[in-house]
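Letters are used for the chains, namely A, B, C, D and E, taken in the order the chains are written, and counting of residues starts over at 1 for each.
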Amino acid sequence: YAEELKGRGASFPAPVYKVWTSEYYKATGVKVNYTPTGSGDGVKSITKRMVDFAGTDTPLKQKGLKKEKLHMFPTVIGSVVLAYNLDGIKDGELKLSRKAVAGIFNGTITHWDDPAIAEHNAGLTLPHEPITVAVRADKSGTTFNFTYFLNQIDEQIKVSKKPTWKANKVIAGKSNSGVSANIQQIKNSIGYIEYSYKMTLGLSAAQVENKEGKFINPTLESFQDAAKYATWSPDNDFYAVIGDPAGATSYPIVAATFLLLPEEKQATNKLVTKFMEWVYTHGDAAAVELGYVPLPEETKDQIRAYWEAKRIR
Amino acid sequence: MTTDTMIMEVKDFSFTYAGASSPSLKKINLPIEKNKITALIGPSGCGKSTLLRSMNRIHDLYPGNHYEGEIRLYDGDGKGGNILEIKKENDFIKLRQDVGMIFQKPTPFPMSIYDNVAYGLKLAGIKDKSEIQGRVEKALQDAAIWGETKDRLKESAMGLSGGQQQRLCIARAVALKPDVLLFDEPTSALDPISTGAIEELIAELKKDVSIVIVTHNMQQASRLSNYTAFMYLGDLIEYGKTDKIFLNPSVKLTEDYITGRFG
Amino acid sequence: MNRLFLNKAILMLSTLSAVIGLGFLLWILITLSYKGIMSLHWSTFTNDLVEGGIRNLLVGQFTMALMASAIAVPIGMLAGIYLREYSNNGKLAAVMRNLSDVMMSAPSIVIGVFVFALLVDPFGGYNGWAGIVALAIMMIPIIISTTDNMLSLVPQELREAGMALGGSKHKIILQIVVKAAKVGITTGVLLSFARIIGETAPLLFTSANNQFFTMDLTEQFPSLTVSIYNLATYPDEASRELAWAASFVLTMVVLLINLVGRFITRSKK
Amino acid sequence: MGGTLFKNFSFFSATLSFFILVGIFAVLFNYAQEALQEFGINFLYGETWEVDEEDEGGIFGGWIPIVGTLLSTLIAMVIAIPLAMGIAIFLTEIAHEKLVKPVSIAIELLAAIPSIIYGMWGLFYFAPIVQSTVGGDGVGLLTAGIVLAIMIIPFMAAITRDAMNTVPPVLKESAYAMGATTFEVVKDVVMPYAKGGIIGSIILALGRALGETMAVAFLIGSVMSIPSRITDPTTSIPVLLANNFAEAQDLEISAMYYLALILFVVSFALISLAKFYFFRKTV
Amino acid sequence: MTTDTMIMEVKDFSFTYAGASSPSLKKINLPIEKNKITALIGPSGCGKSTLLRSMNRIHDLYPGNHYEGEIRLYDGDGKGGNILEIKKENDFIKLRQDVGMIFQKPTPFPMSIYDNVAYGLKLAGIKDKSEIQGRVEKALQDAAIWGETKDRLKESAMGLSGGQQQRLCIARAVALKPDVLLFDEPTSALDPISTGAIEELIAELKKDVSIVIVTHNMQQASRLSNYTAFMYLGDLIEYGKTDKIFLNPSVKLTEDYITGRFG
């Protein structure tokens, strides 16, 4: 009997999960089969007990966890970048103010040369072309975290895993990879994707204005700076939305991603935590390489204690 | 014509195809003489095949046909059962082994030459290998095709020529030692030489079995048969010795047909 | 003359359509072969998906297609035999035949949804069996119709000849009629196999996918097609290359089976 | 008795199609209940598809995917019908004997290529061409329709050719013997004679186009919006199902089953219509 | 037999089907007399249809056949072009309007009775409605089918009986006022009564056109034709006045065939 763990869900951490599972398989021979189908699918799969664990970028509130009899804890922190496809404008050159980001996604800004964009990009020649907004076709934690950020700027935009976008020209793709592919293919497009997709694909991403009015490039450092502001507590199963943090050097759109475990599946839960234990001790390097921010050591210890408490270690 | 010279007898026989509004055969009366050849002639659609196919009830492959009257099959003692009363599968199988049939187009089965002939024997319940082998050989000899096939018995029967296939089908029927053999235009798809061979074979076979043959070829009917029945639009118009029918028919319609005035 | 010109024009347009059709075939096959061969390595065949190969996917796809055939072929053939040999071509047979044809054209995604409701939802997880059943449902009507058609090509005289030798019906069907239709039915089975082995939609919500090698049909089961669907939308080069490689292999498998089917029919006739 | 047993097994197998079809209908109908009760027939023209993340409900209407399905199919048919007819005419009336075989085989091979391959090829090779020539984003209604057409052309051409081949050669010969040109023979004799088969092939191809998932999924854009231009992205029933069925819950999944039911019923009706044409022809 | 009594003349004509290794017709010489009926007889496969179908080059629908020799079609002045030299589509159309053809199975077009006859006229470029109407009526009368169809001209031709359909096809050909009509076994699929009607019609037609007819029915050939040609295995064995061929053939093979010794 070869041990195999089944998981489905968030595509946001999929690149790093892929490396982790494959390295874990090489190291221990244990198969962890994670299918990145989106957080929505992950939550549904675990509530229906179709999988051993699920990934989600949208943390569940305690009420929901109780109702569905689930445990939850974070695995890694990632960030959402605004990637674009504009001729002649290189990576990091485009600066987007908070107003501009909200305007693009709520449909009030329809063309690239809109004054709201142009005012901070004096040196760039922005085309008079309509903006194609690349979004997710599926329910997604990435979307949840991104709309959380948008909601801080414009209350009209609801925090949702799959909102109805008001932008003029919308193109949808399945999972982070689908959105990235669309941005790659379509000229004059912009979309929100997880940072590692931007890196591996060499897409261009914008500097985004943070809470303190600074334009921040998406880099590992600016993510780490942002992650410092997150507060976790095992008492509410680590529920936290860490987007739009304080700090002058923090990149504004960061998010943690979580695992959900079914309370009653003691045996497989122990296998999952064993895997996660391996990840917490051996997986940081891989995460950093892909542009994720590993959890701080004290958070990891809190999680270990949480496992002990739930007797799933 | 007394009962003991007859092998079969068709009495007041009518036949209606499933779904047809009018009968295709109407009150047919016809004796089939033992060890003689009876020819059925008539224009296309007159019911020759229908009558022939009633004689071993091959019609029953398709449901819903309607029979009336009697067709008796006599055994050695001159006693005869009405084959139209047969209901049980076993009796059907027996009937068809007693009354064999050869079709217009040769119908070799998709198997070897040997198996084609052996197949009927196996169906008849013969298990003994050497008996089967003996009877296959005998049948192929009787059907005058042994010479051409003895070296290729294991080959597929599809490889034979049309005429050879037809003789193989005759061998297959003969192997079962039937009392009657029914031929439905057995040479109309064949070339002149094969036709000659089959005609010779049929003439030869009548030593052992009684034969009914449907043909469109007047010359064939007159050359081959002892008795001839002329049919028209589902009626049997005239029956008699072949010479009589061809040289001096009593009915004008028969004469018109034989002299080619129609058909 | 006017009508001669019209004639020429239409004939040219028809020829042009054929050229366009063939042009697309060539275009698709050439890009597919080029991208596929460039992306193929020996290790593509020896590694599983988790290590960047398609070994488990190939095995999984074939396993499900073969198991589906094992279900569909006997059922489909028996049904075809019933329709052609026993039903007497009555009203009931006509209805059954039409239903089977309707089923053949049912959208494959709907079949996927149906099997999901039947075999995934109640049993708490995507599994290989569900994929197999979905494929079998797609295959059954195809087998029914080929069997039915091929049996209809067997000359009626052959059945009558068997009957005239004293055979019982089922013996004649099995020993003569089916045998005579063997080549056609085999080809039909091959072609329908080729058809289901390229299916994606019925597998999406049934067997889903698996990165690892497995033979456990109660688990999510690996398949080439679903993986292509996932991989193709991945933005990284390695995934896309693997998708091309997998597509190339899949297409070659499908075309090869088709050609073999054709070859059998031709060499036997 | 072996015979009876065999016959009964055969009969049982033959009835299976019926049970599967009824089963599909019953299951879809049953799972769609919630949405059926909530939205009823209004579902057909509701334009909103919004999950209410608080109370497991939401507002769902099928109008956009229904329109997307119909439009992509329409575009495909408009392109495919003349081309498929042309190919069939080429194969039956024009091509030299030596060409007929290889071209037919090529066309049938084209029909055998898995649809996901069309999708991939379309996304990476065809969509950019559409974008640079017609405009738009490459993916969208037009691209999906064209690739769908390329996919159904061989299928339609093959059936149409078969139907045209059923025209007895003497019938064509007698038209030629009256001094007709090839086109006149096709128009006045072949087409009317093979009408049933040709219409049947069109309807079957239509059914295929309606239900096609993979080729369209890559290409239609998957956006829940009514396209205002032909190059705009939208979505279709199969694509919506492929993308979102797995993750949907509660009322939303019920709405998905409702959509599946609609697709199933429409294709059932279409194929029955096609059968009716074939049937009239063959009886 | 001089040129001016001939309408067509086949000279040293050989024909090989595409892909066939040997010719199906070998050096055939045959005159077709004006306003006479010429019958082609011979066993199945001897080449009767092949010869007939060469006379309006209907063979050319299928590519790759090989012709040798000449087939001349004479006009009123006794001048004749070799129809084997025709290359242009226009000339083909003209040839087929001059040399009409009727097949074994009736081939009504899938349109109304009226349109079936009018179709050829429209193809021939006649646009005038009333002229078309007049000629359709005339043709239907000439083909002795006016009475049966005059009240249902707008109905589909498929609804007619086999014999009526065949007469409709003759009407269709006659409407074009051809010089020659070719009949390939025009009655072999018909019942005796329809056969009689068609035979009568053919006899009547020879007033206006010259006729070549292929038939398997010896009686039909002898009843109907003025000249008979007997063919065997692609050779023309004997040609002459019908009485002569039937009563006193010069070649043994002809006699054997006519008396039904084979075929």
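Just so we're on the same page, contacts are C-beta pairs under 8 Å (C-beta built on N, C-alpha and C of every residue); 3 or more make two chains touch, one makes a residue touch a chain.
Quantities reported herein were computed from a predicted structural model and do not represent experimental measurements.
Undergrad: Chains in contact with chain A and with chain C: which ones?
TA: Touching chain A and chain C alike, sorted by label: D.
Undergrad: Which chain has its C-alpha centroid farthest away from the centroid of chain E?
TA: Checked the centroid distances; the maximum from chain E is A.
Undergrad: Return the chain pair with more inter-chain C-beta contacts, choosing between B-C and C-D.
TA: C-D
Undergrad: Please work out the Cα centroid separation of chain C and chain D, and write it as a whole number of Å.
TA: Distance between chain centres, rounded to whole Å: 17 Å.
Undergrad: Take the average of all CA coordinates in chain A, do the same for chain D, and state the distance between these two points in whole angstrom.
TA: Whole-Å distance between the two chain centres: 38.
Undergrad: If you average the CA atoms of chain B and of chain E, how far apart do the two points sit, in angstrom?
TA: 38
Undergrad: How far is the middle of chain C from the middle of chain E, if each middle is the mean of its Cα atoms, in Å?
TA: 50
Undergrad: Do you know which chain D residues sit against two or more other chains?
TA: 3, 123, 181, 184, 246
Undergrad: Mind pulling the residue numbers of chain C that touch at least two other chains?
TA: 4, 7, 168, 171, 233
Undergrad: Would you pick out the residues of chain A that each touch at least 2 other chains?
TA: 173-174, 181 - these are the residues of chain A that touch more than one other chain.
Undergrad: Show which residues of chain C lie in contact with chain D when the two form their complex.
TA: 3-4, 6-7, 10-11, 13-18, 20-22, 24-25, 27-28, 31-32, 74-76, 78-79, 81-83, 85-87, 94, 96, 98-103, 105-114, 116-118, 137, 140-141, 144, 168-171, 173-174, 191, 194-195, 198-201, 204-205, 225, 228-229, 232-233, 243-244, 247, 250-251, 254-255, 258-259, 262
Undergrad: Looking at the complex, which residues from chain B come into contact with chain E?
TA: 43-45, 192, 195, 217-219, 259-263
Undergrad: Tell me, which parts of chain E touch chain D in their complex?
TA: Against chain D, the touching part of chain E is residues 18, 56, 58, 61-64, 89, 92-94, 96-97, 100-101, 103-105, 107, 109-111, 119-120, 123-124, 169, 172-173, 176.
Undergrad: Mind listing the chain C positions that touch chain A in their complex?
TA: That would be residues 50-51, 120-121, 124-126, 208-212, 214, 216, 219-220, 230, 233-236, 239 of chain C.
Undergrad: Name, in rising order, each residue of chain D that touches chain C in their complex.
TA: So the residues of chain D in touch with chain C come to 2-3, 6-7, 9-18, 20-21, 23-24, 27-28, 31, 82-87, 89-91, 93-95, 103, 105-110, 112-121, 123, 125, 150, 153-154, 157, 181-184, 186, 204, 207-208, 210-214, 217-218, 238, 241-242, 245-246, 256-257, 260, 263-264, 267-268, 271-272, 275, 279.
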